[in-house]
Amino acid sequence: MQAFLQTLIYGVETGAIYALIALGYTMVYGVLRLINFAHGDVYMIGAFVGFYACTQWLPFKDLSQHPEAAAVNIALALITLFLSMLLCALLGITIERFAYRPLRNGFRNADAHFWGFVIALPVTAFVGAMSTTKRQGALLFAGVVIGFIMRPVMAHLTKRIKPSSSRLNALITAIGVSLILENGGINVFGADPKFIPDILPKRQFSLLGVEFNSSRLIILIIAAILMAVLRYIVLYTRPGKAMRAISHDIDAAKLMGINTDRVISFTFALGASLAGAAGFMVAAFTNIKVVPLFGLQPGLKAFVAAVLGGAGNIPGAALGGLIMGVVESLVASRYPQWRDAVAFILLIVILLVRPAGLLGKNTAEKV
Amino acid sequence: MIQLRQKSSLFGALLLGVALFGIGCKDKEEAKPSGTGKTGETTDTASRGNTVTGDTIKIGEYGSLTGDNSTFGISTHRGIQLAIEETNAAGGINGKKLELISEDDNSKAEQAKTVVQKLVSNEKVIAVIGEVASSRSIMAAPVCQDAKVPMVSPSSTNPKVTAIGDYIFRVCFTDDFQAVVAAQFAWDQGYKNVAVFTDVKSDYSKAFGELFAKKFKTLGGKVAAEPTYQSGDVDFKAQLATIKGATPDAVLIPGYYTEVGTIARQAREVGLSVPLFGGDGWESDQLIPGAGIALEGCFFTNHFFSHDMTEPHILSFIAAFQKINPGKQPGALDALGYDAAKVIIEALKRAKSLDSVALRDAIAETKDYQGVAGKITLDANRNARKEAVLFKIVGKEFKIFKSYRPEQVGL
Amino acid sequence: MSEKVLLSIDNVTMRFGGLAAVSEVNIHVDKGELVGLIGPNGAGKTTLFNLMTGVYTPTEGDVSFDGSRLNGRKPFEIVGSGMARTFQNIRLFKALTALENVKIAANIHRQASLFDVVLRTPHLLKLDGELDAFSRDLLQQMDLADVADVRSSDLSYGLQRRLEIARALATKPKLLLLDEPAAGMNPQEKAQLMGLIRQIRERFSLTILLIEHDMKLVMGICERIYVLE
Amino acid sequence: MRWLLGRIGVVVLTCAILLVANRLLIDNIKEYYISVLVLCGLYATLAVSLNLINGITGQFSIGHAGFYAVGAYVGGAWTMLMRPLVVKSLPILQTGTQLGDHLNLFIALVLGTVCAGLTGLLVGLPSLRLRGDYLAIVTLGFGEVIRIVILNMDVVGGPRGFTPITALVNDHGIPLVWVFGLLVVVVAFSRNLVKSAQGLKFLAVREDEIAADAMGVNTTRVKVTAFVIGSAFAGAAGVLYAHCQTGVNPDSFDMNTSITVTTMVVLGGTGSISGSLLAGIVLTALPELLRYDFIKDYRMVIFSTLLVVFMLTRPQGIFGHREIALPRFLRRLIRKKENAP
């Protein structure tokens, strides 16, 4: 019984993380009916922001040598949390603006310029790698030159591109963005695993024979707070209401004077910041390896969790995440090799019974 | 509408043309030099091995320079490069310079095979170095065997690799040995009841665990529990709780450092405080950052190399290494990459002629070569008989704790 | 039940959740009749069509057609037994040409196995030839011959409506269900449509049940009218 | 009768062309290029077969690697595990002889195809209840489950891969004939399907399922048929893959492979057979051709960026729904010349 309870607690801890990531998936899906495959990679970026903040940008103290610095570290950790949320929100907005908006509104001039620059980036890096001196100035110059050449070329090539409504298309675009972030991550951060050192004091205690760990509890508490804030935003604020309006009917929302593009941006920012927070917390408080593929598996699991709960349904995502975490944990304690399979089998079974997920509304197509 | 249609067709045709042109071009280019006595003969590429032509001796390397295991590939590559550069700086071999041709297999088994084919049949390399991961070595080795080009693996420890054929060698010990050492060590330490926590995704880990269990049982020990995990997992607590329930004296984790640190931390979190020990997959400067203090006092078996060692040949290796890679400490994989290249280079010096068949014979004769990761003698099964060393983790350092020779564990 | 009755709906009720979209409806249509079905928005006219064509299965009551009970049968089976429909919001196969649209519907009475298709056996070629001739002929009769090879989404609204009727006719139905065929048409087009409906009824000796809002049109051509409220 | 002779003629002619091309190639081409060509052929087969499901029938499957894996492992299991048991009573299946090798490969092919087709039936069933993204994620899940099951099957090697699998067609270049033979079959199959009125059913399901249903198309059967055929062909490709590579590893069948194949279909133009064919070949060959030193490190970033830009600027893929057909292309060319003066 105790062992069961313990396993359950572990499941909830994992599930909270899935839930945080799943919320981002589900919000975007609710608003745009798009599987934002890049969401897991935003989570990865959050972890990397955390890594660089903890090891280079911010003056964290090594607790094993300065035990008195705990208070300072806690303050800095909070700053890091906001920093990764902020940077990830910006990333989310950028992704939406230049990868998904062209799908809705057509490929505009500004998009051509942006992608021209993006294509120029690896070329620039290549020029940088070629020059033996590796002078930063030359590199920057080459980048600007190539970027300026690429922009009009792109802009010219892509005149009069109409928006596409194909779902498959949107999916492949999202996968493409995910691949850019992963492979770009390998080029920028390197593929070798990185670990965030211990930044917070840890304490272990047991209650009724069940082991608790302070850093895990922190994750749980912060996750709960963030979800509560999200719930408040979605239910009671103007942009939150606009979000819900869009998820019901984007065209009607547009006609009612809602600036849909801005609200969609906001949705992405919200989802991405949650993923960023989760990425930082997981990397910093569980000290698992931070690699460019950090978000692949959790991203997929979280997405499955979102679908499980009913894509587009916010409480559903939280519930789906928790269920996934608990079921995985229970299976892993007995048959660990089937852990990943169980996630999918559970999904398949639930979707066959309830095609719209646990809390999703089953809307039959109108004839 | 019509215009659009034509445009798209033209675009398609253009793409097709470019693709065909690309393939066509390469064929012609490559076909010319080999096609002196063209017609009538069937292809002679793979039947007699490769011979050195021109002023350079081409040596191929394939490794995981990108992808999941890129750290292993990159480390090994550094060592190989060092050996090649040293030799070239010393004037090459018989006045011929060495040329290293590296191919990336993206940590994927199917690509490993393709790139080795490229090395062997296009680049006509005289020998191939690679891979770290046994699964990829196993996929690529048959290509070398068929083409009669010797392949030297720096650190594939799975016994099956060299069993593929007489052209496949390795300069490291095998898992049979390493696992047996681990078992002997555990017994010597007085552990009677050991849990084994293996990575089911890794063949290395599975074989290690099984061989360990077998030997440990014959010594009289008991395997308390055998749960598994998968590399890439981030949560191991459910399994660790199971292990804790079995109350072992120690836990063997034959995995890679990428997970071991996390496992160790979570082991302590679930209240499992017994010593953990493992194999050469632990060796990395990232092990301690990953584990924090959770691995204090734990052990792992490894190749006979440490940057703490003070033998002159090791000191000079470290110095040379740091000249090229300032601020970096070489690890066992660097050392083994270096040794693999060196074994080939030494054999080239001894070889009767500069072709891959003669080179194979010369490599097979390698005896008592003093590599940086231990003395190398290749046995009849083309495996290196080497010492294994046990490191103890003390603070942020790996200290040599004990070492075992094959004879000492009854091999 | 008399021989004359083609379609009869007895005490049919349909509930979605707790809400009854249609409750205790009784309708019967005799062979050769042209019957209208009218009612305010939300009265359940389209739901009734969906019940007849097998999209939904009634919660209570029976639908029978041509002497056999339809409850629980799949839409494609019902089409095969001779009931075809059009849709309120046009549902053509947009990326396909007008001819292809008709061919798909006409294909229903043909027997060609996958084996025939893949090897293009003489049997298949013969069937394909017949089908092509039949479909082109039908388009001809519906004045759609010159747009046969135009993508259906590129057709004008009126033509799309007409193509939808042609497509339904291609299944060789006994009963044709038209769901608001005149929606969105101007008076002139409506007049044309009335002519067309009469014409096809004669030519194909059809029974027709139609939903319509335009009372003029309904009064103009229908012989009997049901009001749903 | 004339028809039968005609069909046989086509088959013989195709075989002859393949054999002659093969003869020409093996004397002049390196083993490496052959293996790249083999991969091109296999991926093109995968793309065309997935196009049957995603493009022509409009379903949303992104788990194609699972069927590929089933084929590869079943084929391998025949050659390495079952054949040795059967060969005692059926000496004709002895390997090493021309006949025995080809016969064995054929049996492996049949078994792999059938098993993959059955798996396709299993995976196709959810398509009856699920649409769009939900179906996509379920197929993806099935693909992963298949891989995990393989990972846990020790008899086929589990994580260390199923090696070695005897290369049944060991002769230089003979794999090419089999691989491209399969490609011809799958392309011909798809083309004949779409060309006949019967095949229009599949397109109707893609365009509007409810209308198709109302026009007498048995949508259930059409969807499941598409899944079964598409996955059977993927299985056949898997069998050849296992024998050409002389071994398989579960890693070759992960999500990335599925996604690559899906990308090929979309890039080629969803629904366009020639588009899938071309995209399959180009996308396999391109990364190999890009193996130059200078671009090596960045090739994956460049590749993914180009993918996104391509999706945004040419959402319909290379060909859209259209096909390129050589006769039509030539006709248009001639017509243009006539108009020119």
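Each chain carries a letter (A, B, C and D) given by its place in the written order, and its residues are counted from 1.
Operating definition for what follows: a contact is a pair of C-beta atoms (placed from the backbone, for glycine too) under 8 Å apart; a residue touches a chain by one contact, two chains touch by 3 or more.
Small disclaimer: the values here were computed from a predicted structure and weren't measured.
Participant: Please identify the chain with the largest separation between its CA centroid and the CA centroid of subunit C.
Facilitator: Farthest chain from subunit C, going by C-alpha centroids: B.
Participant: Taking the mean of each chain's Cα atoms, which chain ends up nearest the overall Cα mean?
Facilitator: The chain sitting closest to the overall C-alpha centre is D.
Participant: Could you work out how far the Cα centre of subunit A sits from that of subunit B, in whole Å?
Facilitator: Centres of subunit A and subunit B (C-alpha means) sit 34 Å apart.
Participant: Just give me the whole-number Å value for how far the CA centre of subunit C lies from that of subunit D.
Facilitator: 40
Participant: Distance-wise, how many Å sit between the C-alpha centres of subunit B and subunit D, to the nearest whole number?
Facilitator: 33
Participant: So what's the Cα centroid distance for subunit A and subunit C, whole Å?
Facilitator: Each chain's C-alpha centroid was found; their separation is 49 Å.
Participant: What residues in subunit A touch two or more of the other chains?
Facilitator: In subunit A, 186, 337, 340, 367 touch at least two other chains.
Participant: Give the residues of subunit C touching no fewer than two other chains, as numbers and ranges.
Facilitator: Residues 55, 87 of subunit C touch two or more partner chains.
Participant: Would you give the residues of subunit B that are in contact with at least 2 other chains, written as numbers and ranges?
Facilitator: Expected reply: 66, 200.
Participant: Give the list of subunit A residues in touch with subunit D in this complex.
Facilitator: So the residues of subunit A touching subunit D come out as 29, 33, 35, 99, 102-103, 107, 111, 115, 118-119, 121-123, 125-126, 129-130, 154, 157-158, 161-164, 166-169, 171-173, 175-177, 179-180, 183-184, 186-187, 300, 303-304, 307, 311, 337-338, 340-341, 343-345, 347-348, 351-352, 355-356, 365, 367.
Participant: Under the definition above, what is the set of subunit B residues touching subunit A in their complex?
Facilitator: Subunit B reaches subunit A through residues 66-68, 70-71, 74, 200, 227-230, 232-235, 237-239, 241-242, 245, 257-259, 261-262, 265-266, 268-271, 286, 289-290, 292-293.
Participant: Which bits of subunit B are touching subunit D when the two form their complex?
Facilitator: My answer: residues 5-6, 8-9, 11-13, 15-16, 19, 22-23, 26-27, 30-31, 35, 38-39, 42-43, 45-46, 66, 103-104, 108-110, 113-114, 117-118, 120-122, 134-135, 138-139, 142, 158, 200-203, 206-207.
Participant: Spell out the part of subunit D that touches subunit A in their complex, as residue ranges.
Facilitator: 54, 60, 62, 126, 129-130, 132-134, 136-138, 141-142, 144-145, 148-149, 151-152, 210, 255, 259, 262-263, 265-267, 270, 294-295, 297-298, 300-309, 311-316
Participant: In the complex formed with subunit B, which residues of subunit D make contact?
Facilitator: These residues of subunit D touch subunit B: 26-33, 35-36, 39, 151-152, 158-161, 163-164, 172, 245-247, 249, 251-252, 274-275, 278, 281-282, 285-286, 288-289, 291, 296-297, 300, 318-320, 322, 324, 329, 332.
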